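In what comes next, chain A is part of two complexes: it sits with chain B in the first one and with chain C in the second one.
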Partner chain A sequence: MEKKVIATTSLAGCFGCHMSFLDIDERLLDLIELVEFNKSPIDDIKRFTKPVDIGIIEGGCANSENVEVLRYFRENCKILVSLGECAIMGGLPAMRNGISIDECLAEAYLNGPTVQLNKEKILPNDEEIPMLLDRVVPCHEVVKIDYFLPGCAPRADLIWDALVAIVTGKEMDLPYEVIKFD
Partner chain B sequence: MQDLVNKIVKRYQTDKTRLMDILLDIQNERGYLSHDDCSELSKKLKLSTAEVCETASFYHFFSCKEARYRIYLNNSITSEMAGRQLVAEAFEEACHTSFGETSEEGLFFLEHTSCIGMNDQEPAALINGIPFTQLTPFRVKELISGLKEGKSLEEAAYESFGDGNNAHDLIHSMVNNHIRKRGAILTNDYKPFDVIKNKLCKRSPEEIITIVEGSNIRGRGGAGFPTGLKWKFGRLTKAEHRVIICNADEGEPGTFKDRVLLTEFPELVFEGMVTAAFATGADIGVLYLRHEYKYLLNYLNHVLDNMRKKSLLGNEINGCKHFNFDIRIQLGAGAYICGEESALIESMEGKRGEPRDKPPFPVEKGYMGYPTIVNNVETLASVVKIINNGAAWFDSMGTSDSAGTKILSISGDCLFPGIYEVEWGTTINDVLSMAGAYDVQAIQVGGPSGMLLSKKGFDRTLSYSDLATGGSMIVFNHSRDLLRDVVLNFMDFFIEESCGSCSTCRIMPTVLKDKLLKILNGHGVKQDLEELVSWGKLLKISRCGLGQTAGNPILTSLSNFRSLYEDLIQQDKEFDTGFNLEKAVVESCNFVNRKPVFETKNLN
Partner chain C sequence: MADTIKIKIDGKEIITAKGKTILEAATDNGVYIPTLCHFPGVPPKGSCRICTVKVNNRFMTSCSTPVADGMTIDNNHDEIKDYRKSIVELLFISGNHFCPACEKSGNCELQALAYRLGMLVPRFPYSFPNKEVDASSPKIIKEQNRCILCKRCIKTIKDKEGKRYFAFNRRGNHLEVVLDKQMGQAISDKLAQQAMENCPVGSIIYKGKGFSEPIGSRKFDKKPIGSSIEE
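Let's look at the complex of A and B:
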């Protein structure tokens, strides 16, 4: 059997989901028997070098770069998996959704109690910086997502079982206890 | 500051379960609720400030904004259909303020509000609790400039009185009854208090319950629970006190029959409460009156006073040994959910109107832990007629599974909106023809929590086995955009009125509405329709009827008007989220003063 190709990325997430991924511990060794990693922080490959079978997304979309990377993944991956609360629902970053983006920026760069050095009231507007979205949105509100793995972070066992299921094409056992949303 | 709070707290014997009344009185006398009032109150009642604020912030009509005139403009669908938008603009212009705000001089406060029970005379608004009906931009301008010139609200309101008791000295309201068809309950031959005087004490409570059971009457508040059985259960639990509550919260958009019953036949309703008390052995009676009907309060209290004078309330009612029962009126403060019986009880105990987990049901453990029977206004009014005319008389009306009559509140696109009492078994076609509704595209049966029926369903009958309803009927002709105008309006109602306890009910109506908006904006795909149905099912696990029915506007329109949805769906696409990156960054780019650039960087 040819090895499946996997890519992963972290958008507006905390890398906790990736940490949890690493928590599969010595099974990583089993995993690389089954799969080959492409673009991913795990092997530090920055660009897709070939078509990918499974793309794993941590984090939702908070800015234009997140959206672009996510779309890039969609174009290059056959299957996309939303991993964790942030990817599925926006998570912690989405807490700003109840507040207008103007207020958020003003608090962060102008009025907040910890803003002391910004005497000239400079706002981040360099072209190189990603543009903020008005709301943090979950991945499936931008592109089609095929599978969702809930949890914050999803347990290592869940990630392992899901990957094995996708790679081997066998149905996954999802007991009630592992479906956790936070 | 302290004096007022002190005085009012004493009025209620420092009883924290009367927090609703205390807050209402403070707001009444001061014009608003200040934070200082709330903290002073918490000290006096030995509650935390948070507990006081919790209650105060739950209800729509409590306000911390100071204003001489509080204007609440109804936003129910028939109000929209009758030109609400123009009326709202006229208010904003005349009052120099916008909705949710107070005008500069603190004179006017403008706010939207859910259905105020005037669907047959829209657009309607409450100004300091006084209903102003059939408003037009011209009348709004006249009214507001009158108030600015120092005219009193009463003067402005009393230009013309409505029909029947609406002109009574203690009501003086421009509201109209519009009773268009009378039946067994609304007949004019009612002799007040005949049942209390001549029927009750001669029989045992059990006999009364047997008659009520034999009549096969079921609750008229919506849930349709057999009334005789409820009374029987109410007697089962041993208790020091028992409670009868008449539910006059009438919040389902489009119903207004309880308002008319209370205006024209308050004696009948109170007599029904006394009958229920006799049958169940209750000694405490409460009429929970929605805030929107506060203009009836003095009048209703006057009727109760007269009853007390005639020994029809109080100790040993009508000389009947050990039969002690009295009624007080509890005002609500604006919350549809308080029509749900356990939320209503929470509210009566001075708390937020959040439904309780059941069991225990109120008949076992209700108000202050006592067995409590909650009945709708119409149910209690019907019971008096049943005792008077016999169970067989009542059971002979209607259909085999639905005995008696139902009072319908008909509104919307028909020539004669108003109150119609019909026997169960009447078809929708008959209802439409009765009210002069032609060119009908759809009728909403049972309010937003009911269903949107298409022509295919017009031969269905009103009955518990077919179309069970609390009586709200809203007609829409072919000029109406059912999805954009009607369904969205109903979804907003549920989103506004959810108490927020259950995550399903707090979130799913918004999710469903967003999906509908996405479809309306041209981004819908076939999968969206499937998701509306499957996600809508999740609402069924909500704690109470509000959440369980909150998806109905979308779910029933989708099943009865599927082509309206299909026509909006993109046939050539399987997937479209409607996400627009260009739009999503506009706001932040504007704020930081930067031009959005979308060169698709070559990530490869």
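Let's look at the complex of A and C:
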């Protein structure tokens, strides 16, 4: 069987889902028999070098770069999986959704208790810096997502079983404890 | 006996008594019907609709419908399961349910129902409301963005004279359940804890109590909601 190609990314996430992915521990060796990695922070491949079977998305969309990367994944991956609460519902970054961008930036760069160096009171304004979206949105509100694996972070067993199921076409049979939102 | 009633739930024959609701008859006989707004011991209101079953092919709320002889009840049909799931999904998207950051996570009935009904993601778009969090009481935080308006706190949390601590405020889309400002100042620890317990979700938080149980030992970590009824 030809190896399936996997890509992963972390958008507005904390890399916790990727950490949980690595928590499949020695099963990583089995995984490498089943798949090869393409664009991913795990191997540091920056651009897709071939069509990808499974794209795994951690994090929701909080800025213009997140949206661009997500669309780039959709264009290059046959199957997209939202991994974790942030990808699925915005997660902790979306807690800013009730607060205006002005207020968020002012708190972070002008008024926050840890702000000490910004004497000129500059808000980040370089055009190289991605624009913040007015609110953080889940990935499936930007592109079509095929599968959802909840959890914060999703349990390693869930990630492993889901990947094996997608790669081999076998049905998942998960114990109750494995699918949790926290 | 005239007071004995025979009904069928999912093909299972059940003998029960006149005056019981479908929910009570089912629970007595090891059949789990999900509930949210209903609280045992206080009159049912039938407002959340999660306990909907098909009675002789018509949709009815089991918490508020009394049993009648010969009823045929469907509690397990795909159609019903999907309706229930859609109610849970609507409740999720109409509030801000950031479970990883919620004090009630693991003990929350809404979350537990989402697990039991197999919700991975709501089919509706999130609304991200921006409602008030009232932390003015020394004992309680009232997080309006998690309230599902079930009224359980209004019905069950009262002082010795029967005065209620919680009440409805405003209307329509703006409807909210609020803690009376004055009474909230004087509420006892015991009652505040009771309020947190009686709330199915994390809208009433007893101050200083959050996250006291480790993941793995909370109410719904290991077993689905309803499994104690089915045992």
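We adopt the following convention: the second predicted complex is superposed on the first by the 182 of 182 C-alpha atoms of A that agree within 3 Å, B and C clash if a C-alpha of one lies under 4 Å from a C-alpha of the other, contacts with A are read in each partner's own complex, and residues count from 1 in each chain.
The rule we apply is simple: a contact is a pair of C-beta atoms (placed from the backbone, for glycine too) under 8 Å apart; a residue touches a chain by one contact, two chains touch by 3 or more.
It should be emphasised that the depicted structure is a prediction, and the values quoted were computed from it without experimental measurement.
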Worksheet item: Looking at the combined model built on chain A, do chain B and chain C fit side by side or clash?
Response: clash
Worksheet item: A:N125 contacts which: chain B (first), chain C (second), both, neither?
Response: first
Worksheet item: Once the shared chain is lined up, is A:L34 touching chain B (first), chain C (second), both, or neither of them?
Response: neither
Item to complete: Quick one: classify A:D102 as touching chain B (first), chain C (second), both or neither.
Response: first
Item to complete: Based on the superposed arrangement, let me know which partner A:V167 touches: chain B (first), chain C (second), both, or neither?
Response: neither
Practice prompt. Could you tell me if A:Y72 is touching chain B, chain C, both of them or neither one (first, second, both, neither)?
Written response: first
Discussion item. One more residue to check, A:H140. First (chain B), second (chain C), both or neither?
Written reply: both
Discussion item. Quick one: is A:I42 in contact with chain B, with chain C, with both, or with neither? Answer first, second, both or neither.
Written reply: neither
Worksheet item: What stretch of chain B clashes with chain C when the complexes are fitted on chain A: 43-51, 205-213 or 583-591?
Response: 43-51
Worksheet item: In the superposed arrangement, what residues of chain A touch both chain B and chain C?
Response: 135, 137, 140-141
Worksheet item: Which residues, counting only chain A, touch chain B once they are in their complex?
Response: 47-48, 64, 67-69, 72, 100-102, 105-106, 123-125, 127, 131-135, 137, 140-144
Worksheet, complete the sentence: Per the touch rule, the chain A residues reaching chain C in their complex are 82, 85, 88-92, 94-95, 97-98, 135, 137-138, 140-141, 148-150, 152, 176-177, 179-182
Worksheet entry | Residue numbers on chain B that touch chain A, as the complex places them | 575, 577, 579, 581, 584-589, 591-594, 596-598, 600-601, 603-604
Worksheet item: So in the complex, which bits of chain C are touching chain A?
Response: 96-102, 105-106, 111, 114-115, 120-121, 125-126, 128-130, 215, 221-224
